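Each of the next two complexes has chain A plus one more chain, namely chain B in the first and chain C in the second.
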Partner chain A sequence: MDKKLATYICTGCGIGEALDIEQLSKVAQKECKAALVKTHACLCGQDGVAMLKADIQNEGVNCLMIAACSPRVMYDVFRFDGCLVDRVNLREQVAWSQKPGDEDTQMMAEDYLRMSAAKIGKMDPPEPYKPEEEISKDILIVGGGVAGLTAAKEVSRAGYKAVLVEREKELGGFQRKVAKIATFPYKGLKDNDVEALVQEVSKDGNVTVYTGAKIEKTVGGPGVFKVTIAQNGAVKEHKVGAIVMAAGWKPYDPSQLDPKLGYGQSPNVITNVQFEEMAKNGGVKRPSDGAVPNNVAFLQCAGQRDPEKLPYCSSVCCTTSLKQAIFIKETNPEANVYIFFKEMRTPGQAEDLYRKAQEEGVIFIRCQDPQVKASGASVTVEALDDLLGDTVLLEDLDLVVLATGMVPVTAFGEDYAQVRARLRAGETEQKKEEEELEVPQDAILVSDILNLEYRQGPELPGLRYGFPDSHFICFPYETRRTGIYAAGCVRRPMGVAAAFEDGAGAAMKAIQCVEMVSQGKAVHPRAGDMSFPEFFMQRCTQCKRCTEECPFGAINEDEKGNPLPQPTRCRRCGVCMGACPERIISFKNYSVGMIGDIIKSIEVPEEDEEKPRIVVLACENDAYPALDMAGLRRMTYNAWVRVIPMRCLGSMNLIFIADALSKGIDGVLLLGCKYGDDYQCHFVKGSELANIRLSKVKETLDRLVLESDRVRFETVAISDYDKLPKILDDFAETLEGVGPNPYKGF
Partner chain B sequence: MSIKVDPNLMKDLKHFGLKDASKCFHCGNCTAVCPLSETGTPFPRKLVKYAQMGLKDKILQSTEPWLCYYCGTCSDNCPRGADPGETMMVMRRYLTSLYDWTGFSRKFYTSEKFEIMAVIVTGLFVGLLMLLIHGEFDWQHASLEKAWPAHGMEIADLIMASILSFFLLTNVYRFMKFTMGDLLTKIPLRIYASQAKELVLHFLTQKRWAKCEDRTQWVIHLLIMTGYTTAFILVAVLLAGGLAVLGLTWEPLRFQRPFDPATGRDVIYPIFHPIRLLGYYATVAILIGATYALIGRFKRSKAPYKNSHGTDWMFLVLLELTVITGICVHILRLMDIPFATYAMYILHLMIAVPMLVLEVPFSKWSHLAYRPMAAYLKGVKEKYFAEIQGAQAQAPAAESAQAEA
Partner chain C sequence: MANTVTQSIMVVGGGMSGLSAAVEAAEAGYEVFLVEKNPYLGGRVAQLHQYFPKLCPPYCGLEINFRRIKDNPRVKVFTMAEVTAIRGVEGDFDVTVKISPRYVNEKCTGCGKCAEACTLEIQNPFNYNMDTVKAAYLPHDMAFPMRYVLDPSLVKSAEAQKVKEACPYDAIELDMAEKTLELKVGSIVWATGWKPYDVKKLENYGAGAFANVITNVQMERLAAWNGPTQGKILRPSDGQAPKTVAFVQCAGSRDQNHLPFCSGICCLASLKQATYVREQIPDATIYFFYIDVRATDRLEDFVNRVKADDKLVFFKGKVAKITEDGASKNLVCRVENTMTEELHEIPVDLVVLATGMQPNTSETPLPTPVPYDEYGFVASMDAMPGIYAAGTTRTPCNVAESVADGTAAALKAIQSVVRR
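Entry: the complex of A and B
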């Protein structure tokens, strides 16, 4: 592409007052070699945009450097098809956060123009990825419970085709075993109506149902998945575009429970699941002799919220026990029903069911540690009532129901790390060393559900407790495998009402995915991005860093260790680009060379000018907007900083640091997202990987004979904008102590 | 010691007016907003828990219900509509029935039929007695002194008062025993004596009530209480000017003035005579108070008036009727209409006597003893424990002083 660059400087919003615009224009003309330099008092207004459009049409401008506000605003105004656009953030990060009219402020603005010119110089218009195979828009649904059935129904209603695979002989999932259900509006018990849903889906022409079937193999990526389904010894292959993973849950194994809960010591101590089965098959009886139970106690959190057993709250057991308590009261109003609970957790409107149970006369006893004493048919519960401060004794109980929790089916199976270790044991010593990687491995269990042919493992990585989650709050339904969306109890423990919603939500996500992929665009979180990583394979050394580090398992591997990228699985974060020691991975509009050029375009003043320079590599999802917010609130911060946005801090290549320091830049600050258990990274572990890479930066610094204080890593959330000025000032202060970079002027 | 849960108590408490206690989920907002709840004696949530769990013994040991004046702030702030204030009221009814050893109170509370029959029977008995035992009916002029001489009525008053006091005091003793347990005899008399003035103070002022947000209730109650006390002193103590039986009379204060043969009528105080003014005060105060409460209960105007038990109505209606018939007697007597005066007087007593005999020892009115007693015993206990603590604090100090020496 023949580039014709034009620079447009907006003087509105205080930019004109803070900066010498004429001087800036000169820099654009002389240093940036812009063919056209214009200023405008309100570039985003109708007038301004008309001017840009006229230049594109009449002057043949195809590269626009728009020096105005942050790229996070007005992005829809400054979008011109067929043109490369780069936004220079003169408003939030210069005019609003620096001293107006100051020499340093002016230098900062000029640097940003140079940096933009360098960036545009290395940018190419991205071309959408089109796989060779034909793209399928069908959706595979794994699991025929409430969530899966709802997903199939919604997929069909939206005009797409669904393939539903259920492991059991019949559709319906756990709901088949349930007598009464607790759902909206939670005013009382409702009849189970799962059969109607099963019928609707079974009759739907758009849905192909496989029952008593399992998935043997899943190959490919979004748009081009090939799924092998085994049923009754026969094998069928389907091409699908996306997958809804609604494989459900298993009840917690009661034999693992603490013996003081009495399970197994008396037939009259049962679990909530056994209760449901009894209720469904002829009513609730005292197991020891079949009599009608008159004294029933429910024990909440049986094995749950216990670090030794199930560390989490299954969120439905309280509602379930309330339902079962009401069930007893409705069939036998004279029965005495007790519920022992730590905290009564009835999310949403289920609170009304709690009210209903109270009205029915159920007695609630708050207790952290109830004990069941069982021998034969006689069962006693002893519990220290938190509210009374006294021990309560319930004798002659006919039935004790333990509220056990939900375990996702993905939480079973051997740890894939062990499988790999076993495979590796057969390999030679040298090979072992090669694979010695300090990258944190995802927890993948071989649970035999999807059987993905992915380099990083055959199933979805679990975030915590085996739930295949990505980020529960920010990205519902997203797993860490692009195009595979979790729904229902495999995503998180939930009741039937939430499972309906989940099925529909995941179906919508899957449809979004197949549509985006068919246009060659990225899905969440860089939705619409058409760039994708390209590998210059001639220089690949088969180090496997990219295949190991990709947070989404997008890159497979051949036997020799060559990466086999699967662009439809890619989320375009650039972690592979940051990981590659040979720097052979690049995007059309984002590459190692580009960032290198940007760094090199920064003007580094001589040592005696006493104007240090700090390169800030900022995650564009959290740190960069936080910097914008600091400007928005007119917080002044250090004038030595030059901010370069990163798609993800994980795309930071160590060469950037070497480039910066060898050019005489005094320090490099990396601003990433919080990582760890409550991570905030859009790409799950980008900032964590950046930090790990940084541990090796010492080698680089040693080679340059530089102090390690010159590089610092900080994590900030978007809401930490108020802390940023201090972080920047502190770093500048440290650098002043270290002294100027000796490479200045080389 | 472990606790046995009794799921049946809630059913029993329903007879005493319990409705919404099962809705409580123990957030504790009620106790937090209550201006009277204190660290040592927290309420009302604790009592709601006792009710839900059926802990009769714990309830019996509690004085908290008597420390609550039912301003209704807790019920207004309850997020579940569990009406904790009403639970406290139910507890007072329930406790009254538990303190009463005759079992009469329980019947009175749990059966409206029994309640009404008891009032009617007592009323008829009083009427009959008055018709059978009387002096001379003067059909020329209305003279109550001739029909039922003050000296005779005083004896009747004393008989009634002693019966009433006997039941009330035995119940109060049981109340003390239940709530104090071993402490009742452990605490030295000295402390009981030193706090005695508190008992009188609480009886006369209900000063704790002034801490409640809605002070109207306190004022209304003070009107009824002072009106009633005044009336009681006038008709029970000063009817014949003192203890006429023992010859201790003081004519100038006599409520029922003697017959004056010169006019052929009972002597009547001049309109601004203090005794007459006191009589008017009592009448007006009770009338205002009782009417306010009746209208409030009828309209359910605020939390304490939202739920009315049969005994609440009975008490207010009897009080209101006593006052109205009393006014009628007064007017008829001034108008000098003999038959109507006598008839109205009989009716007046047919209402007033059952009210006193039934309500004071067995029902709602017994709170006149339990409430000040609870506040008094709380003070006694606090003082006792403060003394023990003081002694314990001193002992180690003395020891260490010795050690140093």
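Entry: the complex of A and C
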């Protein structure tokens, strides 16, 4: 692109009062080499925008440096098709957060213009990625339970095609085994209508159903997934655009339960799953002799909420036991039904079912540690009743039902780390050491569900307890694999009512994914981004950092260790760009060279001027908005800082620090998101990776004979804007103690 | 399939469910009108200090959703707007939207000159009226749209002209009137959310008259730096840090006389707020009075984490009555320990009532007939052909569930307008 740069300086909102605009214009003209430099008292107003449009039309301006407010506001006003626009944040991050009329404030603004010019100089308009092969908009649905069936139905109703793969011979999943269901409005038991859903999906011409089938292999990425499905010895290949992963759950293995719960000691001690099977197939009977049970006890939290067994709550067992208790009462009103529970968990309207069970005469015994004693057909439950303070002893029970929990199918299988270790056992020690990266690996279990041909492992990485989600709160359907969305009980334990909605929600994400990918756009969290990373392969040293570090497993590898990027799997965070020691990975509008040029464009005053300079590499999702809000609140902070927003701090390449320090910048501050178990990074591991990379910065500092205090990493949340000024001031103070960078003037 | 006249979708309510429904549908390629009653998007979530269980700031999730809207011209946002009429059928609805005057137009840059010129103050709705704000105000630090609002009381006051003249950008229109828009849409997602149960109805807890009895939503504002106390948890009566804090669960929920259902989120919300107290007041004694701790799925981990706090007393029992000492404004919680059957009178400095979620549809139903349950929740997501209910309009739910539900509703709304 033949660039014609124009700089527009807004003097409104206090910018004109804080800064010497004439001087700024000179910098734009002489140093930024802007063909046009204009100022306006209200650039975002009608007049201002008309002026910009006229210049685009009449003067051929195609690169606009807009020195005004933050890019987070007036985004629609300053959007010009076919032009490159860079917003210089003179308002929130200069005029509103620095002393007006001060020499340092002026220098900051001037630097921001230089930095913008450097950025535009290295920026090209992104061209959307279009794979050579045709994009498929079909959706693969893994699992034919309620969530999967619903996803198939909803995909079809939205006008898309679905391929549904179910391992069992019949569709319906766990619900097929269920007699009655508990769902809205929770006033009583409802008939199980899963068969109607099975019929609807089976007859749907938009849905290709494979039962008794498994996925042997999944290769490619969004838009271009190729899925190999094996059924009855035959193999079929489908091309799909996105995947709804609704492979469901398995009941917790009752043989693993504490012996005090009596499982296996009497045929009359069963699980809630066995209860359902009985209820569905001819009614609930006493297993030892087939008699009608008159005394039935339910024991909640069998193995659940137990750090040694299943540490989490399976969410549905309280409601399920209530349902089963009511079922007994409805078929045999004379029966004595007891529920031993720690806490009754019936959120929302499900509380009504709890009330219904009480009305039906179910007896509730709140206790912590019930014990089952069983021998032959005789079963006894003993517990210390929390409410009565007495021991409750129920003898001659006909049936004891253990409320066992849900385990996602992704929680089974060998740890992929072990598989990798085995694969590498044959390699020489030296090679192993070379590859030994300190990057934490995702927990992937070889659960034989998707069989992804991904370099980082064949299944979805688990977050906790084997659930494959990636952002527990804000983005519930997302996984760490692009275009694969989790739904139903594989995502979190849930009841049938939630599973219906979940199937629809994940189907929505899958449809959105194929629509975005077909336009060459990124999906969450940089939804709509048209840029993608390009690899300059001639300089690749096969170090595998990019393939190891990508939080989304987007990059495969050939036998020699060369990266094989899969652009439709990419989330455009730039972690690979930050990881690459050879700096061969670039986006059209975001690159190592660009950030390097931005850093180099900062004017570093001579040592005797006593004006240190600090480069702040700030996560644009959280730290940068926090800086804006500090400005909005007119908090002032250190004037030596020069903020460079990063797509994710994980895109920080160590060369940035070397560039800055070797140029005489006194310190580099990295502002990233909280990491660890409760990470806040949109890209899962970006800030963590940046911090790990930083452990290597010592080499850079040693080489330059510089103090380690010159580089600091701080985690900040978007709401930490009250703390940011102090973080910046403290770092500046530390640097004053360290003294000026001796490289100034070199 | 409906005889679709238009492919536009309307989402009513800009809280977590509605916001999710709008951006998800828009990113799949559909035009969306997002209608929000407040002057800003984000709903109740914007007023929270942190989310459980990660203790992360809601602004973070809102920022990314706002960014999705900014990057997607298909979403048209109407704030201070309410739907007053819906006519027509799936694929062809005519919706009347009433827009209240903001008195500030789109020329507003957010510079704040109007607020500087304004001396009149009003109760601050963002902080549940716990402090005041200038009558020319930005609703909160991350308000989206980033645009000021003039309170009608200011417009009527003698100061109005002065404030108008203070604006360098001609953004203030004192004669702005209520407007009515007619929009044609193919389907509608109704996500008008919830309100905290009215404490005035809780007579045994002081009916809102005790200064140091606050609600869980107010506690969120007290803990937030952009709240009325710059994030300091202080007693409203004297501005002192409380030494004992009581969280009273099921204040109106699971109660046949109030909200018979369980609001689902309050246990976790209170335990989260206990961490706010602990962080600020290391030696405070905290009571958590409860019937059952309802922490489903992995949220159990959070309960275990909070349980490690040895000055936090998990007290099983529903508080029967709260009394106030007139002079000190200290409080006494009368509660029976259901484990020991002993009656306790526990003096505390601050009470936080875990008031439940009342669906807004229970007081402001849809302007077209749809089935509700007895509590005023819309009875199912498929409220009627082409109209879908999402989030707390349907059932009490937390943030993750609201997002999930809003996303599901987006697909249903798309199905109603898709042309085959």
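Keep this in mind: the second predicted complex is superposed on the first by the 737 of 746 C-alpha atoms of A that agree within 3 Å, B and C clash if a C-alpha of one lies under 4 Å from a C-alpha of the other, contacts with A are read in each partner's own complex, and residues count from 1 in each chain.
Convention: a residue touches a chain if its C-beta (ideal position, glycine included) is under 8 Å from a C-beta of that chain, and two chains touch if they have at least 3 such contacts.
This one's a predicted model, so the numbers in the text were calculated from it and none came from an experiment.
Engineer: Have a look at where A:D390 lands relative to chain B and chain C in the superposition and call it first, second, both or neither.
Structural biologist: first
Engineer: Tell me which touches more residues of chain A here: chain C or chain B.
Structural biologist: C
Engineer: Looking at the overlay, does A:M344 come into contact with chain B only (first), chain C only (second), both, or neither?
Structural biologist: A:M344: touches chain B and chain C.
Engineer: Tell me which partner A:G12 touches in the superposition: chain B (first), chain C (second), both or neither.
Structural biologist: So A:G12 only meets chain C here.
Engineer: Of the partners chain B and chain C, which touch A:G528 in the superposed model: first, second, both, neither?
Structural biologist: second
Engineer: Identify the partner contact of A:G283: answer first if only chain B is touched, second if only chain C is, both if each is, neither if none is.
Structural biologist: In the superposition, A:G283 contacts neither chain B nor chain C.
Engineer: Is A:Q358 in contact with chain B, with chain C, with both, or with neither (first, second, both, neither)?
Structural biologist: So A:Q358 only meets chain B here.
Engineer: Counting only touches as set out at the top, which of chain B and chain C does A:G159 meet: first, second, both, neither?
Structural biologist: It touches chain C, and chain B stays clear.
Engineer: List the residues of chain A that touch chain B in one complex and chain C in the other.
Structural biologist: After superposing on chain A, chain A residues 344, 355, 387 contact both chain B and chain C.
Engineer: Going by the contact rule at the top, pick out the chain C residues touching chain A in the complex.
Structural biologist: 23-24, 27-29, 49, 51, 53-57, 59-61, 63-64, 67-68, 70-73, 107, 109-111, 138, 141-142, 146, 168-169, 224-226, 230-231, 254, 260-264, 292-301, 304, 316, 338-341, 373, 375, 377, 379-381, 395-397, 399-401, 403-405, 407-408, 410-412, 414-415, 418, 420
Engineer: Spell out the part of chain B that touches chain A in their complex, as residue ranges.
Structural biologist: 1-5, 7, 10, 22-26, 49, 52-53, 55, 80
Engineer: Note which residues of chain A are touching chain C in the complex, please.
Structural biologist: Counting only chain A, the residues touching chain C are 12-14, 41-42, 44-45, 69, 72-76, 154, 157-159, 184-185, 305, 311-315, 343-352, 355, 386-387, 389, 464-465, 467, 472-477, 492-494, 498, 501-502, 504-505, 507-509, 511-512, 515-516, 525, 527-528, 621-622, 625, 629, 632-633, 674, 678, 680, 682, 717-719, 721-722.
Engineer: Touching residues of chain A toward chain B in the complex: what are they?
Structural biologist: For chain A paired with chain B, touching residues are 336, 338, 344, 354-355, 358-359, 361, 363-366, 382, 385, 387-388, 390-394.
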